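Heads up, the next two complexes both have chain A, just with different partners, chain B and then chain C.
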Partner chain A sequence: MKKYMGNKLAVFLFVLPALAIFIIFDFIPILQVFAYSFTDWNGLTIPNFTGLKNYIELFSDRVFYTSNRNQIIFAVVITIYQMLFATIFAITISDKKMKGRKFLRVAYFIPVILSVTVVCQLWSAILSGEGLLNKLFEAGGLDFSQNWLGDRYKAIYVIAFVNAWQWMGYQFALIVAGIKSIPSDYYEAARIDGCSNVKAHLKITIPLLAETYKFCLIISLTGGIKAFTEMNILTGGGPNKSTFTLTYMMYNAAFKKSDYGYGLAAASIMVIECMLVMLVINFIFREKNQLKEEEKSRRKRNA
Partner chain B sequence: MHNEGKKTALHYIFVAFCWIYAAFSLYPLIWMLFYSFKTNQEIFVTNPFGFPWPLHYENYITAWTKYDVPLYFLNSLLVSVGTVVITIICALLFSYATSRMVWKLKTFTRLFLGLGMFIPVQAIMIPVVKVVQRFGLMGTRWSLIFPYIAINLAFACMVYYGFFKGIPMELEEAACMDGANIYQTFFLIIEPLVRPATVTLVIYIFLNAWNEFILANVVVGSIPSLKTLPLGVLFFQGEFTTDWGGMGATMVIASFPAIIVYSIFSEQVESAMTIGGAVKG
Partner chain C sequence: MKKKILSTLVCLTVATASIVGCGSTAAGTETAADADAQTTEKAVEAKTSSEEVKEETKQETSSDDKITLSIYTQYADDDTKVPYDYAVEQLAEAYPNVELNLIVQAQDDGQTLKTLAATGQLPDIYQASTDLINTFRESNQIMVLNDVAEKTGFIDKLYDANKDLAYAEDGNIYAFPFSGQEYVLWYYNKALFEENNLEVPKTYEDLLNCVETFTQSGIIPLALFGQEGWNTAAAYDVIATRYVAGGIKALDEGSASITDDGYVSAAKKLEELVAAGLFQKDATTTNYDQASEKFLSGEAAMFINGQWYIEDATKALGDDVDWMFYPAEDEAAYEAGKAVFSGGGSASGFAVNPDSENAELAAEVAEFITEKYCEAKVMYRHNPLVAIDTGKEPDSEYPAMMQKLSDTLPSITSTTKFTWGLTNSTFNDGIQSESQGLVSGQFTADEFIQDLEDIME
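Take a look at the complex of A and B:
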């Protein structure tokens, strides 16, 4: 049997296609990102090693700080918006007696399955000077009309909103799936003890969803760091580079100025930021799990 | 139950809020559907919000005949189907070898491919263009299919790995006794057992590939004959901004397959999209 399952030729044939495609089109590129970030590569000639020059230049670039600030704003806006709404909706809809649950689930989830370009194009039609939103304000006699993406301070919030609007349904579906896995006797016990519905959810549902929330946090915070598509379509990084992010810096440096080395330095920082965020979130949530387990064992000992 | 009254008051506020947000979530899409049937005059002046009447379905004819929409549609379809088929085959074989067969380095190989989960597409777009050029794939649809396979593999392999782990070893033992070789065992006995995972992954990868923008933008963004629908939609930013109805029609056509897939398999789509929660978390 061991020989049968250890057929060397079969292993080789089974593993090779996936491994080759992964290495060539995913793994080598990410290595190149880091490697070429230390060079003056312009995309055509042979790159020369320039040490930390790109990074020093990057850290003294004002746009680098704007980019990081934008990423933080983007991440915070989408995290709060999505997790707050998703939690409220998921808990409300978890009530099996509620009418129209199926419809609401579809309504929240549909933007998730659309292409990001369709969503951006749609919102740029809504938000533009002659767009739907300004028309609505005019119809309501309100004086809020403006070009929503043209203000250098507000634009990033508007862009973050578009992303949050599209992906709220995703976190909603995650939390719904999480709630489904909580046994209903917990709530029955709480009700017998005279606990109100809201309190039961605060004390049972939300703590038990820790794993789900960890994942939601990872998605939306790294989503903020990686933000690019919305900027690219809605504002093109403008007005006046006020909606740049690190990915957009890379895109701009590489495809507009052919300064690939510099762009890849920005990309490297972006990847490192993503890794750091993931490590920190995992660390925070692990601490809690460990604490809980320690407490449990302490209680057992006392009993 | 003394707190019943308090519960319902708050409950109704939440329920009302749910419905208001649902309208907020759907109205932009309905508005898009509506304006795909309107003329510019109606969109901007006479009827910006409401139901389109009479229906200007000629917007769809314009989109289909004048704006290369059939070409984009074909490109999207070929790229998505190619990506799905090859990713599924590669992931099935790889996960089988790393979960059930016996060889050195199998855990290392599996974890190595799992690294793919942590490589952001945004970061690798420049090197991917160069790799695609080096392999002479530029100007063919393979220039999109191979990178798409690469970015979906890690996830697909992890899902399959979980499924393969749950199958009892006795199946292969029985197949071996009966004289099937390893290839027959895999394709005739094991593969049908993980069909549920395959269905989920097919939907997930298809939607991913159908909607992908970041790599498509840099790889085929400048090649009109290879553009996919997400890029075709953006085309209207430049030359055709005056034809809003045509743009709406194009966007509706671009969203149509995804919405069809979702309305048929809504449960599977939701679980497919959220399965990452179980795997990544």
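Take a look at the complex of A and C:
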């Protein structure tokens, strides 16, 4: 293997197709997004350079701050929900004594394979003014009926829940795979030492899933920042743009107002935010790895 | 060293195989196509002796000469399907060599069309709104139809009231309009009003009384489909026009300001009506089908929609449905406001892609289809509010509501615009979302005014 890796030409040839696809379909478009964000492009005509005009307008737009707030709420809600429940469910079904684990493994993953549109229509029917949820409250004599998707402040939490519900299964699958890769010897040793099940998972499973959690965290947080589909279907971004995100701002500016320049300024900020989140996550987890290595080397020296 | 050379050769072989593999599909397709062609040729040769086959060949030749024009237009309900089907039928007689390839218009604020334009794939004929016309004018992706309109006599056929609809701001014709002046109508269920001993409201006080009575009876006073921004903008406009005749049209043109007293009063009045429960609670997440169902099933007492809804409402509710003049602050304002309607015409209709291979023919066909649309709307949809004088009569009597509107038309002195007729896209976006906020009851009238003022700045 080392010999093949030493052949730079071979490495280059194997990497080339993926690299070319990445450059053509990802890297160049991202550069174009940044370039066009400094213009008054309407999507069809030749763009004129307008300097920082789009960014100045963006930072003075009320919707920009609403969008950022929504993205944070969305990202936090889906991250907590998905990682918490995915971990609990994954640990639960990894117990071979548990009955019905095969069924549950499939059941938790089913929402993932459904189309987002189907899921949103389903929840729309449940959450609408005269939907199932309000009807259940009415039937139970409870005074909790409300306009779940039409509330200026609460709607974003409801939308985030719908997304979290659907994609929890994905993180569940990742964590299950991660748990399976942990050797059973660790648990046996822990049991011999008198460790309880819960403590074993806290001390063995979760620390050893650090890399899996890092990946889950990245997809949850960047997914939150990029959110669009659910709000588009469930609320149309309303009422009065109160469930907008930066992606929705981009869509609205480009397709409703033909102001691609402004829309791409919003997109640029979103790309920067996603990159920042990834950098921060990588930094946090790298720090931990480095600390572990330092600890190991210290122990070795002491021994 | 040998191994390095060997591994390099292996890599190159893999890469070459991949490239050849990718290309082979096309080559294979060509080969298959060639084979098919050869087989067809042989088959044709074998049949040349037969006279019947000659006939077939002739037919094939004539069908090969057919020109297919792509058309992007609405085809969703009877109001759009009936005119299109009629136009296609008539086209087959008038232009036997022309076929239409329908691409059904998406309800997406023109984004599909803009994407097609950006990628150079515009259909030959497309239904364009004012916003699209203005956008495509800048990029030269819409054909100037002045000559065709003159040659076909389209301009002469236009009703005087609709002459302006054909022309864009620069004085050119870019689309053949088929809709004439259209109006926002405030429909109501007569039976529900009678059952609840209510008179048709003339003032907002009357309206508030109706709201209270209907709410107590478990009836939604007015079903709004607020998921569509135009409907909430219309809800604001029907009130704004009671204070300022120009309504949202004057704001769009910049001849009035949202901070003017009339607009502020209208916003506050709408806020008050929303708080009283005029609309259903989830109005902003309700779509057209849901709201219409509520009205037609008697679950809601009132409904705001265009005059094109007359046919459907009459079919479902018969004599139990009617439209009312918009309520106003007092009876004097109510009487004066009878001459002012929300809605109006817009410079939208069938436009032509100038880069089409058959642009000239497409322009002629677009004009022909426009005429046929108008005819079908008059004859089969009982809608006389079309752009041109078709000389046709409806196949049955006009519904009572349409007759009432026709009788009212001569006294109408002022109209505003539907959102798709607005020319300022920033204001258009703003009024749709801000009015939605106001209707939701989550935003105050002051926020509405302040936000729109910021947007217009």
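In the analysis below, the second predicted complex is superposed on the first by the 275 of 303 C-alpha atoms of A that agree within 3 Å, B and C clash if a C-alpha of one lies under 4 Å from a C-alpha of the other, contacts with A are read in each partner's own complex, and residues count from 1 in each chain.
Here, a contact is a pair of C-beta atoms (placed from the backbone, for glycine too) under 8 Å apart; a residue touches a chain by one contact, two chains touch by 3 or more.
Fair warning: this is a prediction, and the values are worked out from it, not measured in the lab.
> Where does A:T235 make contact in the superposed view: on chain B (first), on chain C (second), on both, or on neither?
second
> Is A:K203 in contact with chain B, with chain C, with both, or with neither (first, second, both, neither)?
Touch partners of A:K203: none, neither chain B nor chain C.
> Kindly classify A:T212 by the partners it touches after superposition: chain B alone (first), chain C alone (second), both, or neither?
first
> What is the contact status of A:N42 with respect to chain B (first) and chain C (second): first, second, both, or neither?
The second partner, chain C, only.
> After lining up the shared chain so the two structures overlap, which partner does A:F255 touch, if you call chain B first and chain C second: first, second, both or neither?
In the superposition, A:F255 touches chain B and chain C alike.
> Applying the touch criterion given at the start, work out whether A:F14 contacts chain B, chain C, both or neither, answering first, second, both or neither.
After superposition on chain A, A:F14 lies in contact with both partners, chain B and chain C.
> Which partner reaches more residues of chain A, chain B or chain C?
B
> Touching A:G129, do we find chain B (first), chain C (second), both, or neither?
second
> Once the shared chain is lined up, is A:R62 touching chain B (first), chain C (second), both, or neither of them?
After superposing on A, A:R62 lies in contact with chain C but is clear of chain B.
> Have a look at where A:R152 lands relative to chain B and chain C in the superposition and call it first, second, both or neither.
Only chain C; A:R152 stays clear of chain B.
> Please identify the positions on chain A that touch both chain B and chain C, taking each partner from its own complex.
Of chain A, residues 4, 7, 10, 13-14, 17, 43, 130, 255 contact chain B in one complex and chain C in the other.
> How about chain B: which of its residues touch chain A in the complex?
Residues 3, 6-7, 10-11, 14-15, 17-19, 21-23, 25-26, 28-29, 31-32, 35, 44, 48-49, 89-91, 93-94, 96-98, 100-103, 109, 113, 115-116, 118-120, 122-128, 130-131, 135, 146-147, 149-151, 153-154, 157, 172-173, 176, 182-183, 186, 207, 210-211, 213-214, 217-218, 229-231, 233-234, 236-237, 244, 247, 251, 254-255, 258-259, 261-262, 266, 269-271, 273-274, 276-277, 280-281.
> In the complex of these two chains, what residues of chain C are touching chain A?
Spelled out, the residues of chain C in touch with chain A are 3-4, 7-8, 11-12, 14-15, 18, 108-111, 114, 117-118, 131, 135-136, 138-139, 141, 226-227, 280-286, 425-426, 428-429, 433-434, 436-440, 442-443, 451, 454.
> Can you check the complex and tell me which residues of chain A touch chain B?
Checking each residue of chain A against chain B gives 1-2, 4-8, 10-11, 13-15, 17-19, 21-22, 24-30, 32-33, 36, 43, 85, 88-89, 91-93, 95, 98, 100, 103-118, 121-123, 125-126, 130, 132, 135-136, 139, 165, 168-170, 173-174, 177-178, 194, 196-198, 211-212, 214-215, 218, 222, 226, 228-229, 232-233, 247, 250-251, 254-255, 260, 263-264, 267-268, 270-271, 274-275, 278.
> Give every residue of chain A touching chain C within the complex, in rising order.
Listed in rising order, the residues of chain A that touch chain C are 3-4, 7, 9-10, 13-14, 17, 42-45, 62, 124, 128-130, 147, 149-152, 234-242, 252, 255-259.
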